[in-house]
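Data block below; observations after.
Order of writing sets the chain letters: A, B, C and D. Residues in each chain are counted from 1.
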């Protein structure tokens, strides 16, 4: 059994590698296709041709494409992600500053959304067709239709302009960078937007999963043996509902980077989202590709992680190897 | 054939009667379609700049006020709806066509073809849509065509997966086995047996995909990566509104509400279509 | 009904049980006024084709029917106590403890994420108030009792590691866990292969004797009732057509439906004869017509049969039948 | 009589293996031997029954005969011609001569087609008749299976299970085939409806001179309808015999077990009959690599059973058995 599990994990990891490889090739090709020369990022207009050639040779840019790919990959793997052609800053540095900012926003919002969704989804699913369900389900199908930026604007208007209780821009008030409470008050609105925009789909998922489980035979069997509905819901159904959520959680891993592009833009939050949008607007190809590569890798890793978690938690998958 | 269609229409009507919100959603969709088609009937041309009435609140003359250039906001919203709906519908056509094609082929033929197509789907869906769509759009001249293409060409993966799963289950049904065992030709098996069975999935997927395309378009336009001036969509109007949120909050209301109601209505339409088209395989 | 001896031995008495489903548009009456009783220590067979309402009927007694179903019971007396008007909570206390049930599809009847043993342990701790440790030992004992080899390891395995027959044994062990007075078996062998079916039937017979339970065995298979039951109810379209001891039903059936049913199955031994099918198909439950539900398919049907529902006629202390054609003590055979 | 019988189907050493999903690490490809070296024949005009429990490969055998699956190896002679390796085009004339009736009356008819379109399908493939002529054929065949002309316009969901099965039979008979494979054709029906369908199949057989392969798990029904019966266990046919003889003198221990497990619808006989209940359950078909596959449950298993796979032996007349006891 253990052996099978190890084999499976190894197999899944090996499967993910070609996928990562292909993604990296796509990114590389897109960079090559882009109407700019990678060396531009490292040169200034007043450099001589000789100097430029020297720099090219140093970074292997005078070599054929496949060699360049090789250098590029080597750089990626050793944490050397290149330079922005707009700001000439190191992308690695920029990312290492901005990723924690995004995580700071997304992680609490996601966790909160997940917990609330499980709770509301269970309530709705267990009371299918009753008032509670109608309210929860109705609100979530409405919520799915609300663009997050619009929700953000509404909240900004209400809490920022009308009531003026929360700041609406950035991470810190100027001159108050060290204050934790200042940071918190900056976080409130964007976190609220993210939580509300993550929730509707999660709620619907938990609800339909609960309804599905409640119609399973084993629920009827438990009823036939005198178990109370709350007992059945928490001791039997809950587990079956939570299990597939692991998959969803795993697959949400890339959201730590790209989950808040729009929201960050509205609130001017200095995370990956604003970085990315600025790069797109300024045709900053190396930055765009770096983010693309990073987020796609996270998708693949997220899928991998959720598969592995699932396989550890679900007894049925362990048995399949026999 | 006629009998079958009538039955479907009757079921559709029954479902509408039972489901009041769905009926309202449908009426709203018809309305929004009509008024965006007949938007030109509005007394104000959408681009008429009027510096004398800049950023006016709602009034009898301008029901939803005017924007920073004094253009009638209501008229602009109607024309914006044209763009948003066009993007939604055309992008849906592209994306569901590709999705159904890839899904059916993949599911029916299985083996290497399936493997290849599904791995491609995996690769494309590994790139978060926001990133993918924006990256591709920088290689195209921005505009209406680009945004339709970009959304259409890169959002078909979930439809393909759904259709594939459906095809896989249909092809093991005994009536398909019968057709094969009687020597029915491959194209006919697909046309007579597979496509009709996949059709409901296709219908539902397409309404949902219109809704998603409208949402995507609005997000992209809001970020300034979608529809460009002088054209405007609901999304780009909201981008505009963001700058004026402090002094003209009403500008954020109308386009936003229109997006929400349209998307919601398309989703509801998908729900009732799902209820209607799901085949009665059992007589129970 | 006035038979005093019978009343005394009666474990379960059901009078005028009705169950209907409401699916928004139409009301379907699935169980249409059923009277029957279960004697102590007997195996009562309930035979019927699909749609006869046999399964809904027993689920109505237990109160485990879907929300859109409505049960309207005249009387349900379990061991001398009326249970038809009990509150939800009181009814729950009966389930598992006094009446246990096993189901048709053993593949889906166990929670896939819980070990086989946990199903038992949960029940033993909840109903019999055992400690977890005691419960586990008892669970192993129960698994042994239902013939599961190496129960010590099996107790810690998940349902997917059991075959269909073994899962049905686990379910039987659950049923036995609280030594119920009555075991309801709803087509427990239909989903199993014949050789496995034979094993399960044998096991049920043995356990019934050892534990002195009553069993209600629901099936569509006449071979199975002949093998295991001592008394039979024949159901059709939500009503009991005929009731009698197993020999009475098989060797001197009174109701045309019972006879037709017996004629429509092939004999395993003896000469091959052409089968005598019942014409037509089962009636729709949605628009119930007047008269005897079987009239449309009955070869002896008269005008009267389409107008009113026949009264029951008694043929012996144990046999009764619902048909105009048969007089009391009569025999319909030509 | 026996000598003059003509064989319509002759199957020699037929194998159908399905590859298991291979993991990246196991070098030897695992297969499920669903049909493993099976030989038998079916005479013209007879009904050959194929019984066995779930997972024994009886349905796979039927579907391989029909070339719904490509055989792994072996011969399938149809009227003297080996069709095991024909391609689709070459198969076409044989497809006209054999038809299939399926188990599930719900999934065997396309819910999007009406009865006319459903029955028209084989006619359109295999005949050159005009649409109006085909309509006539359909009208005739519907009457033959006890349905009305008006039913042509209806859709499958408007019929009961038994009626649906009639539509399936009508579809199979429309092009006047010679050989019909009934794949659990009555298993999903109620007892009283089963008899209707069985009688109809019998009538149609004598009327249209049909040959049946009747695949089912219900031994008593199979015995009723079949002239000869083959018993399958884990991909092998273990015994073939005339149906009465199989019942009165079963040779293979598995056949004996199967027979004694059938519940007899006769209380006195049921109580008196001594039932030999075999213990244990179907082993995984992947595990039993060598020897007799029934040995794990066989009360008479000997050492040789674990080593040598018993070959089919003729015991007398038309009674064959694959067991080391004989």
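Please note the rule applied: contacts are C-beta pairs under 8 Å (C-beta built on N, C-alpha and C of every residue); 3 or more make two chains touch, one makes a residue touch a chain.
Being a predicted model, the structure only gives us computed values, none of them experimental.
Of all the chains, the one whose CA centre sits at the greatest distance from that of chain B is C. Here B-D and A-B were compared by C-beta pairs in contact; the pair with more is A-B. Centre-to-centre separation of chain B and chain D, using mean CA positions: 49 Å.
Separating the CA-averaged centres of chain A and chain B is a span of 24 Å.
Once the centre of each chain is set as its mean CA position, chain C and chain D turn out to be 32 Å apart. Taking each chain's centre as the mean of its C-alpha atoms, chain B lies 52 Å from chain C. Residue positions 160-161 of chain D are each in touch with at least two other chains.
Multi-chain contact residues of chain B (touching two or more other chains) are absent. Across the complex, chain C is touched by residues 53-54, 160-163, 190-196, 198-199, 202, 217, 219-221, 223-224, 244, 247, 257-258, 260-270, 275, 277-279, 281-282 of chain D.
By the touch rule above, chain A contacts chain B in their complex via residues 19, 22-23, 26, 30, 33-34, 138, 141-142, 144-150, 153-154, 156-157, 161, 254, 258, 261-262, 265-266, 276-277, 280-281, 283, 288-289, 291-292, 295-296, 299-300, 303. Those residues of chain C that touch chain A in the shared complex are 62, 64, 89, 92-97, 100-101, 103, 105, 108-114, 122-123, 126-127, 158, 160-161, 171, 174.
The touching residues of chain B, when paired with chain A in their complex, are 21, 119, 122-123, 125-128, 130-132, 134-135, 138-139, 211, 215, 218-219, 222-225, 235, 238, 241-242, 245-246, 249, 252, 256, 259-264, 267-268.
Only residues 63, 66-68, 88, 91-92, 95-96, 99-100, 102-104, 106-114, 118, 121-122, 125-126, 153, 155-161, 164, 168, 171 of chain D touch chain B when the two sit together in their complex.
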